[in-house]
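These are the structures in question, set out in turn.
One chain, chain A, appears in both complexes that follow, with chain B as partner in the first and chain C in the second.
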Partner chain A sequence: MPDPGPSQGSGHDRATRRLWPALALPGTLWLVALFVVPFYAVMAIAFSGRINIFNEPLPAWNPLDWESSTFTTVITDSFTPSGAYHEVWVRTAIYSFWALVICVAIGYPVAYYTARLAGKRRGLILALILAPWWINYITRMLAWVNLLQDDGYVNKALGLFGIPPHSWLSGSSFTVVWALAYGYVPYFIIPLFASLDRIDQRLLEASRDLGVGGVRTFLHITLPLSRMGLITALVITALPMAGDYYTNTIVSGSPNTNMVGNQIELFLLEGPQKNIGAGLVLLLSLVLMFFMFYYLVLTQRASREATR
Partner chain B sequence: MTVLERPAVAEVSGPIRTRVRPWRNPWRKPYVLAAITWVYILWSLVPVLVAIQFSFNDGRSRSTWQGFSRQWYCCNEGSVFEDPSMFHSLRNSLILGIATVIVATPLGVALAMGLTRWRSRASAVANGISLVPLVTPEIVVGSALYLVVVNLYQFVPLGRPAMLLGHVTFTVSYVLVIVRSRLLSIGGEYEEAARDLGANSLQAIRTILLPLLMPAVFASAMIVFATSLDDFVVSQFLFGSAENETVPILLYNAVRAAPTPALNALASILLVGSFLALILAYVALRARHRGDDESALETLADWG
Partner chain C sequence: MSFDPNDPALRRRRPRPQLARRDVLRGGLWLAVGVGAAPLLAACGNDQTSETANSSAPYQLARPDKPVTLAIKDSNPPIANGLSPEEGGTFNILNYADYMAPGIMKDFGKEHNVSVQVTPYNNYDEMLAKIRQPGESFDLVFPGPSVLSKMVFADLLQPLNHSYVPHLKNVWPEYQNPWYDQGARYTAPYTIYGTGVMYRADRVKSVPEMGYDLIWDKQYAGKVYVLDDRQEAIAMSLLRNHISDDINTSNPDDVKRATDSLIELIGLVNVKTDINAYSEVPEGTATVHQCWSGDVIAGQYYLPKKETPEVLGYWRPDDTDYVVGSDNIAIPKSAKKPVLAHMLINDLLDNKIGLRNFGWNGYQPPLTKLSAKYLTDQGYIPQNLANSVVVRSDFDKGHTFYEVSPSTEALWQTNWARFKAGA
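So, the complex of A and B:
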C-alpha cells in the first residue's frame, strides 16, 4: 500500500538498494550454473586422467587431479604438420578466411548502399536484408541442396550455356566456402550497416566540397570511420564460422572437407574419447577467446561512449 | 537520413560541365552499388523461395517442377501432418519454443532491470558474464552443456529438459540486451517521480517501469521464440534420442538421405512460424517508434 509517511525514508532506500541485486540474482545464478560451470566441465573432462570401463573419461572436478597429457597430445596433434588434427585446423582457417573475403566483397557494398544511398527504398532493402536472419540456417542450406543437385536448377542453367553438369555436392571445397559465405553474410552486413549508418553525412559532403574525389573520400573518411563496424562484423561472422560443422555436412558430407567442428562433434557425440573432444573445444575456445574479448572490449567502449 | 542534394545541373555553365567526367561526378546515381545490392538480395532469397515452391510440387522430385499440389502439407501419406516423425518434430519445436519464452523472458527482464539500475563492482562482473554467451560460438555452448548434463547435472535428462536449459541459457542474453537498451533510454526519472509520490520500489516497477518496458519485453519474447525455433547446434548436442528431435534436427538428418518435398513443406512451416513471431515483434517496436517503420527496422538491425 502506498504510505507516504516520512518514517519510510531510509528503510525505503535500503529496500531499493537490495531490490536491484535481488532482481539480478536469478539470472546471474542461471548463467553461472549453465554457462560458467559447463565450461569448467569441459576443462574437467579435457584434463581428466582416468577412464571408466567403457573407455570414457571420468571428469576430474578437483584441479589438483588434473592431468595435462591428453590436452598436450591434442595440442601437438593440432599444431604439428603430421598431427592427426592438423589438417582440420588448417582447413578451418582456410575456409573461414576465404568465406570472410567473400563476405567483405559482397557485404561491404551492400551495407554501404543500404546505409547511405538507398534513398526511398531504404526501408524495403533493409527488410529484405534482414529476412535471411530469420530463415532457419538449415533451411537455407537445404535450399541450396535443392538447387545444386545433379539435375537441379544450377546445372540446368549452366546447361543453357553448354557447360556440362557438375557434381556440386560431393566433397567440393568450393561449394563449402560459398555455402559458408552464403550462410553467414547476413550476420556480416547488419553490424556494418549500423556503423556506416552512423557516419555523419556532412563529413562526406565537406570532403567533396573540398574537391576530393569519391574514391579518396571513401578511403580517407568512410573506411576509417567504419573500421569499428568492420571489425565487429568480421568477429561476429568469424566466431560461428570457425565452429561450424553442419554446413559442410549438408553441402559436402565428405570427410575431405571436415573442419574442427566436425572433429569435435565426432568425438563428443559419436565416440568414447570425449576427453579429446573436450580438449579440442578448449583449444578452439582459447583460439577464439582472443577475438571474443577484443570484441567485448570494443562494444563496452562503444556503449560507454553512447551513454556519455 | 539526409538526402543528397543534387546541384541543379542547368546552373553549371557549359565549359565546366564538359570537364566533369561521369565517373568523377560525385552526385551520379550509384548504379553499380545498387546492382550489387539487388543481386545480393536475389541471391540470398531466391534459393529459399525455390525451396518453398518445391514444397508445393505435385510429385516426389525436389528439382523438377511437376505442377501445384498441397499434398506434402496435409492429409496424404508422407505429408508433414501424416508422417509421425515430422509431426512430432513440429510439436517438439513449438513446445520447446513456448517453454523457452516462459522461462527466459522473466529471467532476462529481471536481470536487465537489476544490472542496469544496480551500480556496483559486482554488477559489472555479472554484466560481463551475461554478455559472453552472445559471442560464444554455439558449438562451445552446446558441447559444454552436453558435458555438464551428462557428467554433473545427471538429474537433468537429455531431451526436452536439457534442451530447455540450453535454449534459455543462450536466449536470456538477447532479452537482456533488448530490455536494457530500452531501460537506458527511459532513464530513472519516472521511477523517482513515482517514489516521490509515495510508491515503494516494487510498486514503482509494477505501475511505472513494466508498462513502459512492455513493448521491449514483448519484442524480446518474440525474438526468443524465433531464436529457439531456429536453433540447431545446442539442440543437436542435447536432444538425446529421436523422439525429441526438433524441426532443424530432422531437416539436418533428412537432407542427405532421400527426402521428399514434405521436407521442404516442413521447412516452410518453420519459416512461417518464425516470421509470424518476428512480425509481432516488429509491430510492437513500431508502436514504440510511433509508426516509424524504418527506425523500428533499424532497432531490429541494431540488435545484431
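So, the complex of A and C:
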C-alpha cells in the first residue's frame, strides 16, 4: 500500500474540482440542445429569405450569409405606429401589464396569508393553489368558455343580482386580461409564497416590540424583504404571458384581441414566410431578455447586499 | 356535454389550416419548449429539392384552362396488375384529423386483417413535412389540387393503377379527368364543397341578395364570424365588394382593398375568426358565419335539444360567384401496402361506402348518384338546407383556389396578418 502522503489530500481536491463541473454537464447539455441550438436555428431562419418548394425555410447556418432585410422590416413594422405589427405589441404589453396587476392584487394577499396566517390550513391552501395544475391549461380555458357563454352560469349568477347578461366572449379585452390573470396566477403565488415564507419571524416580532404597527411593519419589513420574491414571481408570470396566443384565441377569437404570439403562430404554422415568424420570435425574445437581464442585475445586487 | 368519438352523430368539419384546439395544444408546447425546435427539425433534412426564390415553380401550375398531365416516370411506375392484397401489420393513413368515418376504416381493417392508423395533419405544410420524413411510410394521403403538382414533381406520390379502381366511373366525369391531373393518373376525388354563409334563420329576418352583406351587417355585431382562412376570407371580400373576380389574384392593390374591407369588420361587428360554423351556428354562439357547405350538413347534428334544422339557413352565391373546391386521395410513393391502398380508394368511390362516409363527415363525394334530390330523399339533408349540396354547374362557373407562386402566397399572408393584428 503506497504511503498516504499529503498528495492524497490534493488528489481528493482535484477529484472534487473535476466533480463539480461534471455535475453541471447534464444541465449544460440540456441548455445547449434545447436552447442554444434552437435559438441559433431561429436566427438562421429569421436572417434567411430562402424557402424550398415545400414552403420550408432554408436556414442560413453561416452568419456570413445572413440577410437582415426581413428582420429590419419586422422591427420597423413592430415599432413604428403605422406598422402592421405595432398594434399587437402594444396589446401584448397592455394585456400583460394589467394581468400582472391583477396577479399582484390577488396573488400577494393569498401568498401572504398562506405564508404567515394560514397556520394548520397552510398545506390545504397550498394544495388548492396547485390544484389547477392537475388540469391542463387549455382545458381550464375551455371550461371558462362554457361558463362565460351568453346563457352560461356567469350571466345566470349575475342575473340573480339584477345585472343584465353580458357578451363576455364577443372579443372583449377585459375577458382576455382576466383569463390571462386566472391562467397564470398560480405561477405567481408559488414563488412569492416561498419568499414570504423565508422571512425571519423574529424580524417581525422585533418590529412589533419596537412599537411599529402592522401596516408599517408590512411596508418596512415584509415588503422590502419579499421584493425579490415579488420580482421573481412577476418575471415567471410575465414571460409565458407575453408569448401566449391560445388564451385569447379561446376566450375571444377576435382580431381585436390578438397578441404578438398570434402573429408568430400565423407565420410559423404555414405559408412561405416563416422567416417573418422567426423574426418576431427573435424580437420577442430580445424584449423579454431585456427584462430578464434587468432582473438578473437586481438579483445580483440583492445577493451582494445580503453578503455585505 | 358528452363526448364519444365513435358517436356517428359527431360529424366533423373539413379541417383547414388554422387554429384548432389540437393546434393550440401542440403550439403551446412548441412555444414552451423553445420556439426554435420545430422549424429546426423541419429544416434539418438535407434538401435536394430546389429552392424557389419567389420565382416560378419548376413545374407547370395547373389551371382549368391549362390542364396538367402529370408525368409518369420510369423510375416511379404504378404497381402491376392483378397483385393480391397485402396482409397483416398496419395500414398508415396520412389525413386531416376526423376526415374519414372511423367505421369505414375499422371495417376495412377487419376485412383485410390490418390495423388502420391515421397520422393527422392540420395543413399542407405539415403534411408535406410528415410525408418527407426519411424512413416514414404512408399508404394513403389526401392532397388537394394546390399541392398535387409539387408532390408529383418531388416523387412523393405513385401513379394509380386504374385496374384496381373500377369505381372511378361512379364519379362525375370531370373528376375522371380533372384539370389538375388529366387522366386521373395520380388521384381519385374525395370530397367537394362550396363556401357560403350559414346563419340562424330565427334571428336573421331577411337575407339580402348578396348574402355576404350579412357579415357586414351591424345588427349581428358580436356574433359574426369569418372563416379563419386567409384565402376564403379575402376571396369573399374580393367578390362581395366587386374588387376582382380573380380569387387567386396577385395584384397587391386588389388584395389590399379586400383586406381593408375585412378590417372594417373589426370596428363594425367585432368580427371573430374560426372554422367552427358547424357547431357555433346551431348552438347560437354565432348568428352569421362564413362556412363551408359541409359545415351546414354537419350542423343539424349540433342543434340543442328541442330545436329543429329549420332554425338554420344557408346562403350560397350564384354559381358564377361561388367559391368551390375539392380534395383528393392519392397513394404515397413510400406506401408499403399499395394494393390495399388502391382497394380502399375503390371502396371510398363505392356509392354505398361513399354515402356512409358523407353521412359521417358532412363533406360530399362527387359521386354521380349522390345528387341533392337523392340526399334529401334519403334524409341526409333537411329540405331547407338542400342548397348546400354542390352541383356540377357550380364547378363549371364558380371560382377555385389554385396553387399560386410563393410571392402571391406571401402577399395574401401579409395582408391576412394585417387583418389578424386587428390594426
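Structure notes:
The working rule: the second predicted complex is superposed on the first by the 248 of 308 C-alpha atoms of A that agree within 3 Å, B and C clash if a C-alpha of one lies under 4 Å from a C-alpha of the other, contacts with A are read in each partner's own complex, and residues count from 1 in each chain.
By definition in this document, contacts are C-beta pairs under 8 Å (C-beta built on N, C-alpha and C of every residue); 3 or more make two chains touch, one makes a residue touch a chain.
None of these values were measured; they are calculated from a predicted model.
Applying the stated contact rule after C-alpha superposition, one finds that A:Y295 touches chain B and leaves chain C untouched.
By the touch criterion stated above, A:I51 is placed in contact with chain C alone, chain B being left untouched.
In the superposition on chain A, A:W133 makes contact with chain B only, while chain C stays out of contact range.
Shared-chain residue A:D197: touches chain B; no touch with chain C. Partner contacting the larger number of chain A residues, of chain B and chain C: B. Once chain A of one complex is fitted onto chain A of the other, the partner contacts of A:P63 are absent, as it touches neither chain B nor chain C. Using the contact criterion defined above for the overlaid structures, shared-chain residue A:F35 touches chain B and also reaches chain C. Contact with neither chain B nor chain C is seen for A:P224 once the two complexes are overlaid on the shared chain.
In the superposed model, A:G159 makes contact with neither chain B nor chain C. On chain A, the patch touched by chain B and the patch touched by chain C overlap at residues 34-35, 37-39, 41-42, 45, 59, 136-138, 142, 149, 240, 243, 245-246, 249-250, 253, 261, 264-265, 268-269, 274, 278, 281. Residues 34-35, 37-42, 45, 49-59, 84-88, 91, 136-138, 142, 149-150, 167, 169-171, 240, 243, 245-246, 249-250, 252-258, 261-274, 276, 278, 281 of chain A touch chain C in their complex. Partner chain B is touched in their complex by these residues of chain A: 2-4, 8, 12, 15-16, 19-28, 30-32, 34-39, 41-42, 44-45, 59, 61, 106, 109-110, 112-114, 116-119, 122-123, 125-147, 149, 151-153, 182, 185-187, 190-191, 193-194, 197, 201-202, 208, 213-214, 217, 235-236, 239-240, 242-246, 249-250, 253, 261, 264-265, 268-269, 274, 277-278, 281, 284-285, 288, 292, 295-296, 299, 307.
On the side of chain B, the complex with chain A involves touching residues 1-4, 24, 26, 30, 33-34, 36-37, 40-41, 43-45, 47-48, 50-51, 54, 62-64, 107-108, 110-111, 113-115, 117-118, 120, 122-123, 126, 128-133, 135-141, 143-148, 151-152, 165-166, 168-169, 172, 176, 184, 195, 197-203, 205, 226, 229-230, 232-233, 236-237, 247-248, 251-252, 255-256, 263-264, 267, 270-271, 274-275, 278, 293-294, 297-298, 300-302, 304.
Chain contact summary for the complex, chain C toward chain A: residues 17-19, 21, 23-25, 27-28, 31-40, 42-43, 47, 49-54, 57-58, 122-126, 128-129, 132, 150, 153-154, 221-223, 225, 266, 270-274, 284-285, 406-407, 409-410, 413-414, 416-423.
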